[in-house]
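Labels run A, B, C, D, E and F following the written order; every chain starts at residue 1.
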Amino acid sequence: MTKYRFSELVEALPLILHYKDKVIVVKMGGSFIESLEGKAAFIEDVALLKLLGMKVIVVHGGGNEISARLSRLGLESIFQEGYRVTSVEAMDEVEMTLSGRIGKELVLKLNRCGVKAIGVSGKDGMLIEAQKKYLKHSATSLDLGQVGDVAKINPQMLQMFLENDYIPVVSPIGYDSLGNTYNINADSVAAGIAVHLKAEKLVLMTDVNGVYLDYPKEESFRSCLTSTACRLLLEDSSSLRGMGPKLECALQAVEQGVSCVNIINGSTKHSLLMEMMSNEAVGTQIVL
Amino acid sequence: MTKYRFSELVEALPLILHYKDKVIVVKMGGSFIESLEGKAAFIEDVALLKLLGMKVIVVHGGGNEISARLSRLGLESIFQEGYRVTSVEAMDEVEMTLSGRIGKELVLKLNRCGVKAIGVSGKDGMLIEAQKKYLKHSATSLDLGQVGDVAKINPQMLQMFLENDYIPVVSPIGYDSLGNTYNINADSVAAGIAVHLKAEKLVLMTDVNGVYLDYPKEESFRSCLTSTACRLLLEDSSSLRGMGPKLECALQAVEQGVSCVNIINGSTKHSLLMEMMSNEAVGTQIVL
Amino acid sequence: MTKYRFSELVEALPLILHYKDKVIVVKMGGSFIESLEGKAAFIEDVALLKLLGMKVIVVHGGGNEISARLSRLGLESIFQEGYRVTSVEAMDEVEMTLSGRIGKELVLKLNRCGVKAIGVSGKDGMLIEAQKKYLKHSATSLDLGQVGDVAKINPQMLQMFLENDYIPVVSPIGYDSLGNTYNINADSVAAGIAVHLKAEKLVLMTDVNGVYLDYPKEESFRSCLTSTACRLLLEDSSSLRGMGPKLECALQAVEQGVSCVNIINGSTKHSLLMEMMSNEAVGTQIVL
Amino acid sequence: MTKYRFSELVEALPLILHYKDKVIVVKMGGSFIESLEGKAAFIEDVALLKLLGMKVIVVHGGGNEISARLSRLGLESIFQEGYRVTSVEAMDEVEMTLSGRIGKELVLKLNRCGVKAIGVSGKDGMLIEAQKKYLKHSATSLDLGQVGDVAKINPQMLQMFLENDYIPVVSPIGYDSLGNTYNINADSVAAGIAVHLKAEKLVLMTDVNGVYLDYPKEESFRSCLTSTACRLLLEDSSSLRGMGPKLECALQAVEQGVSCVNIINGSTKHSLLMEMMSNEAVGTQIVL
Amino acid sequence: MTKYRFSELVEALPLILHYKDKVIVVKMGGSFIESLEGKAAFIEDVALLKLLGMKVIVVHGGGNEISARLSRLGLESIFQEGYRVTSVEAMDEVEMTLSGRIGKELVLKLNRCGVKAIGVSGKDGMLIEAQKKYLKHSATSLDLGQVGDVAKINPQMLQMFLENDYIPVVSPIGYDSLGNTYNINADSVAAGIAVHLKAEKLVLMTDVNGVYLDYPKEESFRSCLTSTACRLLLEDSSSLRGMGPKLECALQAVEQGVSCVNIINGSTKHSLLMEMMSNEAVGTQIVL
Amino acid sequence: MTKYRFSELVEALPLILHYKDKVIVVKMGGSFIESLEGKAAFIEDVALLKLLGMKVIVVHGGGNEISARLSRLGLESIFQEGYRVTSVEAMDEVEMTLSGRIGKELVLKLNRCGVKAIGVSGKDGMLIEAQKKYLKHSATSLDLGQVGDVAKINPQMLQMFLENDYIPVVSPIGYDSLGNTYNINADSVAAGIAVHLKAEKLVLMTDVNGVYLDYPKEESFRSCLTSTACRLLLEDSSSLRGMGPKLECALQAVEQGVSCVNIINGSTKHSLLMEMMSNEAVGTQIVL
């Protein structure tokens, strides 16, 4: 019955209006990006959001692929509190995998969808100045090597891309004034960019459905959290499992002016479009 | 099952890309615009096309409403070969109904959907210069009164609207250098505007499904016509019923550079969106 | 003796300089607009001011013509404290007369003078949001029907017109968020627009020479009033005759930043040009 | 009787419209510029034309003042076929008088009228490349010294001035690639600039009323000449008196696209305004 | 003796003027880029040319580094007629080395010099469409794998970079419509970009001093070659050693509108600056 | 040895970066401008600074040349506290020499170097409003005639020149609202312009090496002075010789936002370039 067609689109009209011309930062990470189908759906979603008038910025991670490469080269992957200890030698491999492979693949796929994309890292246009990361809470001062934190974001290059209708695809690599290269957590990069480009929304795509107070108990799932609730949760983040750092990024973003942050499951096909274009609850939303 | 949602939208991606930034002229006429529901669906469709990046121009007719008003004022509606014989007195009523009521109502509804619209007639910004119409083929030279043809289109005002993201809603009224006002066929106005604004597509919305070689026999329906086929049909247009003049407008438009013209049924809800955003055949398409 | 020619123009040089690039809002009302000659002179004056570099906005009324039309349709014109009680049915006629006839006639005449004009109502470009008017001082709460007050002005569309060298001709019609249409006093609309477009001057053209403390005694005429004097006069406005609401609009305008408001007699040919381009006192001027 | 006021201005409306945004080049020369009153009227005229929307360029001469200065310095003024034989030493004086005094005085007076002016010579912005002038028709090859012809006009600087609403006041001085300075006839400079800036009109202001076939017989006066008529007259220019070279400039201008050239009498007060703003015949008009 | 300082700069004035705002494409290849000092001098030269007003584009190669990486991964480097036979697996390594390492390093170094750079490959902004390369002259049809030729250049992204004062650093990677990735000769990429961006000059930096008719005999060195001479040389290119393909690129560039191509030795410190800013002959220049 | 070439340029890189797009005002005065060679070197320096991306403004003096001219005309040059007593008659000569000769000569020479220049005085574009100067400290009130002080700077014209890549060459002449012309000290004009155009640097070129506490003792030379030190020196300026007023201008400039002022010796060839492009101390630098 053709007469009921396009009802979803018609119903999405107020949301399309709301997001038009707004900056939306999407962190794309997790294992779903390794499935061809998952990647294809993600690319289509980004292309559609762009065509619906949003200024989309993609930040990507690359965990599994980096590990595979390092292991192939005989370099062991050691993690400290979730951070990959990164030697200068490994840093080279991390950078090449992120800036030279994963980013370019996303760019190529977006271009083939008819939207224009450019893949950059934090080195291009002096986008991300970094500083070496030191773990604060550790008894022993652990050296994470080339792991860095965002020290400063220079948004001009990304603004040029957005004004000229390009989708920036950003690899989470930073530099410092001495010429060192740093591996930065992609969620932090996405949050920093969202703040500096005055994004309306930051979407963190991952492998789980959102925030569980006591993972994986379904009843502990939360579809909405205020910043106050986040802060309380982060005081004792043990039961959050890996969600802790992600929640911290979300909190920082909303506290610095991003209207809302959504943590959603990238394995659900078209979850990004669903979150943006329907009133249905998808994942966990963090607001001020 | 949420996972199949938005499939229509995803499939429409190539069409959205194709029409982005293109000028689309939609002539909205027929009795469907008198049903509240039909009007609402039309307004939603126009708003969505605008949000999907098209530069939409609406031209409206107003046949039934004009007849009702004239009859209320005791002025009889006489038609000659499909044209309403229009006295100077009746012209006033026609103009007020088109520019002062129907156009403004569409504008208000579009605005309430969140897209910006401006209602103008051919007098505003010197948009449509007209000349008195004389019926060519008649034995006796009939005087149609204030019925006019498009003599010249000045597209600057519409270009200003489009560049500034307004949807122009045009009433088919023209003027001449002596200060006379003319009632012009809305299909001709739409075709003229489509040509002068280098439109990608002209959509003529009416009360029937499209062109029938022998109306209303279903098997005589044609979903696609070339300009050559059109010209042949127009040589003996008797079996086309009221479709003749509409086909002539379509032919002129494609011959002067409009890529395609579609004659579709406005009574089918969201038929405009369907025609633009799906590969399904809707109505009759005329191409060079 | 040709050598004295153009002396007026030469003397007007400092005034031309003063008004160049300034916004001037002219409310055109009263019976003079019904004389062909009066209208012609007004149109010439507006065209000249435009050519001399001013950004002119015309707001028009339409009292007599509306009454004539309503009476022809057998709808009685009832006034309460100067406001026309307007049923929904009458509203349609009011709107059609203003937006569909009077405005378009002015546009056509301006265009024929070589300056570009566009006729819009408060619905176009969401220009005038209105709210229902309730008479405050009445013992019994009278329902004026579709009579409204200006609730909000969205100046973007008018700014676009001015930047692109069009003269906006505004019909005093407003809308509300529920889709209702309102008939608004043209003086209030002109004052509201003057304030929101930061006009240098608001000229209210009417049928009398200006403000008389005790109309029609010549010696009670005032050629200049401060806002303080206005406020005092308005406390007991009985002797002002119909001038009260006009004075209130003028007061609001100067209190919200319009440099001066002039109430002048439209029946005096070229009174607008005289007021703007000579140092001679014409009508009553209200300043802060 | 105030009601007849501004009739001249109203009647000038079509001419104002015609000249709006057009480039008008006015060569100002002759003895009238030495009377304070004549200069004042000229300045007012230029200011008004500017305010009426024209892009006015003034080119000035300086014959008498230069002679006075040279004689004060004991340098004799010798003329050959109307050209001042100019030694390198005299050139310095000519340049200083034109660029340093006459031009700056006009600029100051225009500024005081409220319009912005900039005084430049052909050296500024590389405006006028010159080449040494040799008299063609002479038996003996006379050396005119630093007298030059226009070799090339670089219009960019003047275009910048016009776009930014400045009135350029040009001194007729040129340079060559070797660094020499040349004294150029102001009529030729005005004609060259009119051609390169695609002027609508070139006005040559002088001391006589226009072209007389047999000066000063009134009946030999011509108020209009075609280019063909000009060419004929120039074949035997003896009876034209000093008007020959002026007519040659006029002819070149109309042949290279300037719509019309007017030779008018600067001694008649406001003759420039009269020529531009009335339909009355003033001086001689040369058209293609 | 400070008084002789800056004489080189002063002498370079005409060259600076000549190259101001012109597009200059520099292909940087050869072993010199592996020496820290050579790289530093190159970076300084590029930064200076940029600051002197040129629109510089850098295209880089990466031969030795790629070979090292492949050998480390146990992938043998096989060359056919100078082209690296590239399996899909090796392609990944080539791309990561070029886009992920060499390009980003240049970007970082340029940024640290105070000029803004962005590293892109042919995938970004759809810059370089490629097609599979087949060796023409071979008896047996050899499969080079992912080696490609430039099929189409889309210059918009680079134009955006240049207009916004960024130095593009381009990795010679292309894509095709099926989503394949290709390794393209950096000289061809530089030549293609020079042609499509209407470059004034293409500089090919390599390990030798320029073109020798009979390498390495000094007397066979040529400092200037016309396109005709090039074509003759290329008919029998055996004595040119590796210079053949480079000369072919140069020839194509000059034949398609690049004013001149220079082949210079990157091992000579600041050879780029010397070639651009002095009249001294550096390397071989190819002109039409 | 070519390999060491361009080392100065390479070393200047950070300074070029620092001054790029900054406004630099250069007052050029002193006897060096009378030597052909000195003038040529100065012109080259200005052209190079412009090509290196600076927005250079030149202000020139003309002391000796004015004196020569006045004496030739039999007008004695009388000075009071360093100011030339200027009759109305002498003012004419001063203006003509500055605006009509010296300025135009600089313009011509800059144009011949390939950079575009425009010579203006304070009258053009209403640049410098002046007021009559009265000597404050004198027992008897001396009348300096047409000597003036800067009363107001209107920077719009200069901004237009800089945005359009022209080098303004400014003659130190001012006007007042009554139409009088004033001779103003060129250092004050340069300082006033530097302040109003938010210059990064003001360079005052003169005949001595800089500031000597006790001229001409070498050991009393100061290469750097703070504003505090300047103020102290100015309290008893007797030992400063002619440097007093210059130092006062410098002080005013740094106190009103100019980052640094340099007093350098124009007789040293290319001293301007040396001061700007090397870290070597040249002359005296005044900073806040």
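Everything that follows uses one rule, which is that a contact is a pair of C-beta atoms (placed from the backbone, for glycine too) under 8 Å apart; a residue touches a chain by one contact, two chains touch by 3 or more.
These figures come from a predicted structure and were not determined experimentally.
*Asks:* Using the touch definition from the top, how many steps at minimum link chain D to chain F?
*Replies:* Minimum step count, chain D to chain F: 1.
*Asks:* If every chain is reduced to the average of its C-alpha atoms, which one ends up farthest from chain E?
*Replies:* C
*Asks:* Centroid from C-alpha atoms only, then distance chain C to chain F, rounded to Å. What do you get?
*Replies:* For chain C versus chain F, the centre distance works out to 56 Å.
*Asks:* With chain centres defined as C-alpha means, what is the inter-centre distance between chain A and chain B in Å?
*Replies:* Distance between chain centres, rounded to whole Å: 46 Å.
*Asks:* Quick one: report the Å distance separating chain B from chain C, using the average Cα coordinate of each chain.
*Replies:* 36
*Asks:* Which residues does chain C have that touch at least 2 chains other than itself?
*Replies:* In chain C, no residue touches two or more other chains.
*Asks:* Take each protein chain as a node, join two nodes whenever their chains touch, and name the resulting shape: line, ring, star, complete or other.
*Replies:* Shape of the chain contacts: a ring, since each chain touches exactly two and the loop closes.
*Asks:* Moving around the ring in the sense set by going from chain D to chain F, list every chain once.
*Replies:* D, F, E, A, B, C
*Asks:* Note which residues of chain F are touching chain D in the complex, please.
*Replies:* 72-73, 92, 95-101, 104, 107-109, 111-112, 116-121, 123-126, 157, 160, 164, 166, 173, 175, 177, 179, 181
*Asks:* Applying the document's contact rule, which stretches of chain F touch chain E when the two form their complex?
*Replies:* So the residues of chain F touching chain E come out as 2-3, 5-6, 8-10, 13-14, 16-17, 20, 41, 44-45, 47-48, 51-53, 113-115, 268-270, 273-274, 277-278, 280.
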